[in-house]
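There are two complexes below, and they share chain A, which is joined by chain B in the first and by chain C in the second.
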Partner chain A sequence: MTVLAFERVSYRYPGADRLALDDLSLTIGEGEFCVLAGLSASGKSTLLGAACGIVPRLHGGEFAGRVTVGGLDTRDHGPGAVAAVAGVLFQDPETQTVMSTVRAELAFPLENRGWNGAAIARGVEEAALALGIEDLLERATHELSGGELQRVALGAALVGRPRVVLLDEPTSQLDPVAGDELIWLLRRLNEEWGMAVVLAEHRLERCLAAADRVIALDEGRVVCDADPAGFLGWAKTYAPLLQTPAARLAAAVGIEPAPVGVKRTRAALRERGLLPPRAAVDGGDTAARRPRRSERRAASTGAALELRGAWFEWPDGRATLRGVDLVLRPGERVALMGRNGAGKSTLLRCAAGLAKLTRGRIACSGRAALLLQHPADYLLADRVGDEVSAAGLATAGLSALADRHPHDLSGGERQRLALAVVLDAPEPPAVVLLDEPTRGMDRSAREELGRQVRELAAAGAAVLVTTHDPELVATCAERVLLMAEGRLIADAPPADVLGGGWYFATETARVLGGAGGALLPEEGAALCDVAQRSSLAMTGERNLNPEPAAGAEARA
Partner chain B sequence: MRYRAATSPLHATRASVAVAWSAALAGLALVFDHPLVTAAVLLAATAAGTLAGVRGELRTAARVGLLLALMFAVINPFVARLGLTVLLRLGELPPFGQIDITLEATIYGVVQGLRILALVVAVAVYFAAVDPDRVLRLFRRAGFRSALTVTLATRLVPVLVHDGRRLADAQRCRPRPSGRLALVRAVSSSALDRAVDVAATLELRGYGTAWRARGVPEPWSRHDVAFAASAAALAGLAATALATGLFAWHAYPTIELAAGVPEITVAAAIAVVALLPFAERRGVAR
Partner chain C sequence: MSWQLASLLVLALALGGGFAWYERSRPPAEMLAVVATLAGLAAVGRIAFAPVPSIKPTTDIVLLSGFALGGAPGFVVGAVGALTSNMFFGQGPWTPWQMLGWGLVGLGGAALGRVTRRRAPRWALAIACGFAGFAFLTFIDASTWIMYSGAERSWAQFVALKTTAAPFDVAQVVGNVVFALAFGPGFVRALLRFRTRLEVRWSEPPPAPVVVAPVPSVTR
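Moving on to the complex of A and B:
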């Protein structure tokens, strides 16, 4: 039974010169788990907006065709009526909370539908338990972190048990743990409640294994509609940027078709004798320990940024930083990871002077340039060219866009412009601090960011990036800090921190079980090659000197 | 400026009454430009905010109000040419032309500035002490779709304040800060986008649909009664003053201000009537 249907839908935003949706037709069946794939501006968000009725109702523009959700035609029924059938979660949770407390936020949709008090209380409780936000129920929504807010907004979308739930990059602000949990929670709700899921996501490696179907969009058109394995086969030829790291690893070692997910890729590698031996899980020497006085003195010499015993406490007594010791050297590329609410953003704000430490010491050898989570906040002029100097614009590679309005730029371009704004000063910054820079970025934009980070470090700046994206860390960091409860709990090279982890690990590392510290598909493929050669050599050796046991093994 | 949960008579009052009381107080500052009414509203709003335990929020709002008031007080003498008592002749000053600073224009600027300040503080008391969630529910029951605009205004101010803070932080990170004016321009130009976002979320949560919420009737508390009576009395005082032509004043060409016993009495009554409900502290915990 169809729960969502697009019939020859075309849509153009007001003032836009090209169609955001171009003669698009598709149907989503009851209980399907469907992933929308595509690069930035391919039409994923517009499709979700049209599915819940806010496109074109709130945005205006030219609309043609028909969208029906649970039998309701969006031309005849507004988003309020469609909301009874479709739960919606968009990218930015800050715009999706309307009540003061979490409990009120979850109860709000049910109250609007006229549920009675007992049913509302039960619905709120169940949604909170399902999403693991029961501890947040009495908290004020404005006090929550981005990740917590995202889960609350998802709770509000699910609390009325809709027939279909539409999600636009719901994991973009979540840490790897919460992101994975969210995908599997959606899968469970999909299986148990029979709720259809339509999920737009850039990090396909997170959700492909849970999906029944993948729809790839390009310039507002459906260019692939297949099961996950079929999609990966298509992506290898037609859209390499949409390939998952595991698929790239499989392709690099010649496995066809690409298996879906970590488990199947690992099984395929094992079957072909390509799986290198797992790394011994001893944790390595990754723990961040307080250095001795002599070490501290040595480290401090020439440090770009130094924090000693840094504490940040709120007036209500909560501590977000608890005695952090950190030294960044010029030219160092450091990634700061950790769960939502661990204190990463606070550390960056203190380092840049936006927040004052309540205890401890902070020293910076020069200017600290901080790029916060919303790049658009930096852009106030009406022209790109008026935001930064011509030299800054050229360095950012945006000279050709000088006459455009900053808000008309793509996400990646806006990020580059905002970075150019904070870097645009006579003296270069000693430290560059980037807070969650990959939010909503597709792979090409993330690769571009990685290149910029390397260039900044090569120019002598220490770069500290907070991120939930292990793939970005693997491509651009040379040191990883892991933070929890306001403390640094690990400080080591990426291979040591991300190689053996479950959550804070790249997909390649998860496939290979941390073997050889390989984090990227190319490194993994090289390792598999070595494993294959050594396996062949051993087989050859056995064939030259057959032993009874080897013969028995061969027979087996 | 954000709602702050506290235990006060105003916090304990039902949303409909709290809205009516706040509207009556702010309405007085809007309707009358007589300095005595302005002073009474400013006094009442400041005392109400203090008694409601939202002094911090009020202080933040007052800073904005003072800035606006100062702007008005400074600009008016330069642009108004109606006063007769010249204090200072500045001669030809492009682009204004011949500039004479008059006593009337100066006083009028100060009075209007204070009026803006009184209005900002009265509105701040509403935003800081009246629970927006309850206001949201109130309008859903009362008017559904047509109430969306009112509700939007209730939600939008805290959202814009939050945006303003975020933008200010971003501007502090710029090596070349853009200045306050650019910041205000950015926040105000994003207001429409934010209004669309908030409206979209409200609709997507089913707000304004045809279902009527089944609320349990809530008995009127002593605070509901007190604030309702206060709001009615404020409205009554305003209506009487309007009908009798009380609080007449004009600044130009020369200042004429009615400030006799009736005006002083009614202005004092406005402040007392607005603050009386705060005298009852029993039953403020919800």
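Moving on to the complex of A and C:
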């Protein structure tokens, strides 16, 4: 029984010269959990839009072929009718919530469908329990954190019991904890209630282990349609940019085919005696200590950005920054991590002068370029080419798109354009502040961003990036700050913070248990080679495990 | 039949016709939302400039809406804008006149859009808006003349009315031209973007490529 069928669908956005979907055929069966993979602008969002009927009805353009969702043909049924069989969740939950309280938000779709009061009350209760948001029901939607709001938006999408749920990068602005929770929540809904899931995601490492099937798109065509293991085998040869870090680690040490997920990769490494001994859990020294007075004096001469005892309090007394001491030197690349609502964005806003500290001091040695979370807010012109100078456009790699409308770009392209806008000034910035810049970016764009961050730092700017993406941190930061409840709770090099964590850890670090502080697959592979050599030296046999690793594993 | 009754009958027919035209085009929900927003904007524009007599962006908003979106939507933006803004200014026998007057402005905008293929330079939009302002006020003055001039109705009365109103007409025309010069092209660009997003060409996929079985060779 199929819930979603594409029959030879081609679609062209108005004024675009190439097809966004190119003669695409696809069927998704009842109860399948599908992940859509693909680089930026490969057609993932367009495919999801076509599946819920907003493409082409809200985008215009030329549409050929037929999309059938739960038996409804989107040619004859508008998005309103399709919403009864397909729930949709986009990147920004803020743009999807319409009511002022959670209960009203969950009830809204049912009210629109004309259910009676008792049925609505029951539907709301069931959806709230299924998603674990029953204690949020009376809260106002505007005061929820991003993760909570995303779950409420998912609840509103699911309250009418759709047969398929379509999600466009739902975890991209969630912290690792909330992101993982959302994926496993989807898996549970999928297993227990047989709801089909179609999920577009760039960070495949997060969702591959939960998926039954991976569909890779390129230029609007399906280029791979396989189970996760088959997909990883395909990606190794044809699309190296879509490989997960664990798969790259496996490939680097010669494990074929690449195992799916952290647990299986670790098992495969252990089987071959490649798993290095786990790092001891000793706490380490990652504390963000208050600098001594002599250090402070030395630091404040020539600091690009300095915060001293910074507090930010709301009129009702809640504090989002509680005595933050921080010095950024010119040329430093610093990542700021922490869960949703920890105070990261507030710190950036205060640093750029958008918000005023209620206590404490802040000093910035020059212009602070700030890019906030919503890139569309920075785009004002009708043409991409009018947003920034030609040089800025070339740096962002967007010269080919100069004639497009900024709001027609894909999420990742828009983010790059907004970054170009804030950097596009004659005077180079002393501090560059980026708030979650990797949303909607594929791996090549993320690597490009990492390169740009290094260039900005080399040119003398202090770069402070808030992110939930440990892989980005591992590639471009030299110092990681971890924030919780408005305080800095760690301040150390990436290997010390991300190697030893559970959630704030790269996939490689999770596979290797933080051994040797290896964060990237390449470092991990080097470490595995060493482990292999030492185990060979010890036992003369290839397949024996190093003892400490096996012991640690058994306890874990 | 009195002039008042006859004119109200004509107004009712014209307004009914305009709304029926819009309804029968079965606009999708997206278009309804755009039209309602524009009508609201036209009303708010009128209310925001309430302290300044005659200088209002409303006529410009209605004309440019018609220019970008077409006749039926333009008519409805004007008519609904008049009706809703009079919730603030007060309803009366003038309401249907203003509704029809602005509705006709929207139609005029649509005609201009059709003639110029929706590509008109800034100055042309400004002239059109200035002219529309004068035409609209003349229409409203005519309504005053028809409704209130009493039994001894004469052309001299109308001329006197128009002469007294001249300063207000000039203010309206100048205001309209300035507003159109300031935001005309930008407003049209924004609306045209909506328009392209609501225009869908549905087509059938091209026939599947027929797999030709290899023909056995006949020459030996």
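The working rule: the second predicted complex is superposed on the first by the 461 of 556 C-alpha atoms of A that agree within 3 Å, B and C clash if a C-alpha of one lies under 4 Å from a C-alpha of the other, contacts with A are read in each partner's own complex, and residues count from 1 in each chain.
We take it that a residue touches a chain if its C-beta (ideal position, glycine included) is under 8 Å from a C-beta of that chain, and two chains touch if they have at least 3 such contacts.
As the structure is a computational prediction, the values presented were derived from the model and not from experiment.
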Would chain B and chain C fit next to each other on chain A once aligned, or clash? clash
Just chain B (first), just chain C (second), both, or neither: which does A:374 touch? first
Looking at the overlay, what does A:88 touch: chain B (first), chain C (second), both, or neither? first
Just to be sure I read the superposition right, which of the two partners does A:405 touch: chain B = first, chain C = second, or both, or neither? second
Which partner does A:8 reach: the first (chain B), the second (chain C), both, or neither? second
Which of chain B and chain C A:58 touches, first, second, both or neither: both
With both complexes superposed on chain A, which partner does A:80 reach: first (chain B), second (chain C), both or neither? both
Counting residues of chain A touched by each of chain B and chain C, the higher count belongs to B
Stretch of chain B penetrating chain C in the combined three-chain arrangement, among 1-9, 91-99, 109-117 or 163-171: 109-117
Interface residues of chain A shared between complexes with chain B and chain C: 58-59, 78, 80
Chain A - residues contacting chain C, complex: 7-10, 14-15, 23, 56-65, 75, 78, 80, 382, 405
Of all residues in chain C, which touch chain A in the complex? 28-30, 189, 193, 196-206, 208
Chain A contacts chain B in the complex at 52, 54, 58-59, 78-81, 83-84, 88, 92, 94-101, 104, 108-109, 111-114, 116-117, 140, 142, 156-157, 160, 349, 352, 354, 367, 369-372, 374, 377-378, 380, 421-425
As the complex stands, chain B meets chain A at residues 2-3, 5, 131-133, 136-137, 140, 155, 158-159, 162, 166-167, 169-176, 178, 182-183, 185-186, 194, 196-214, 216
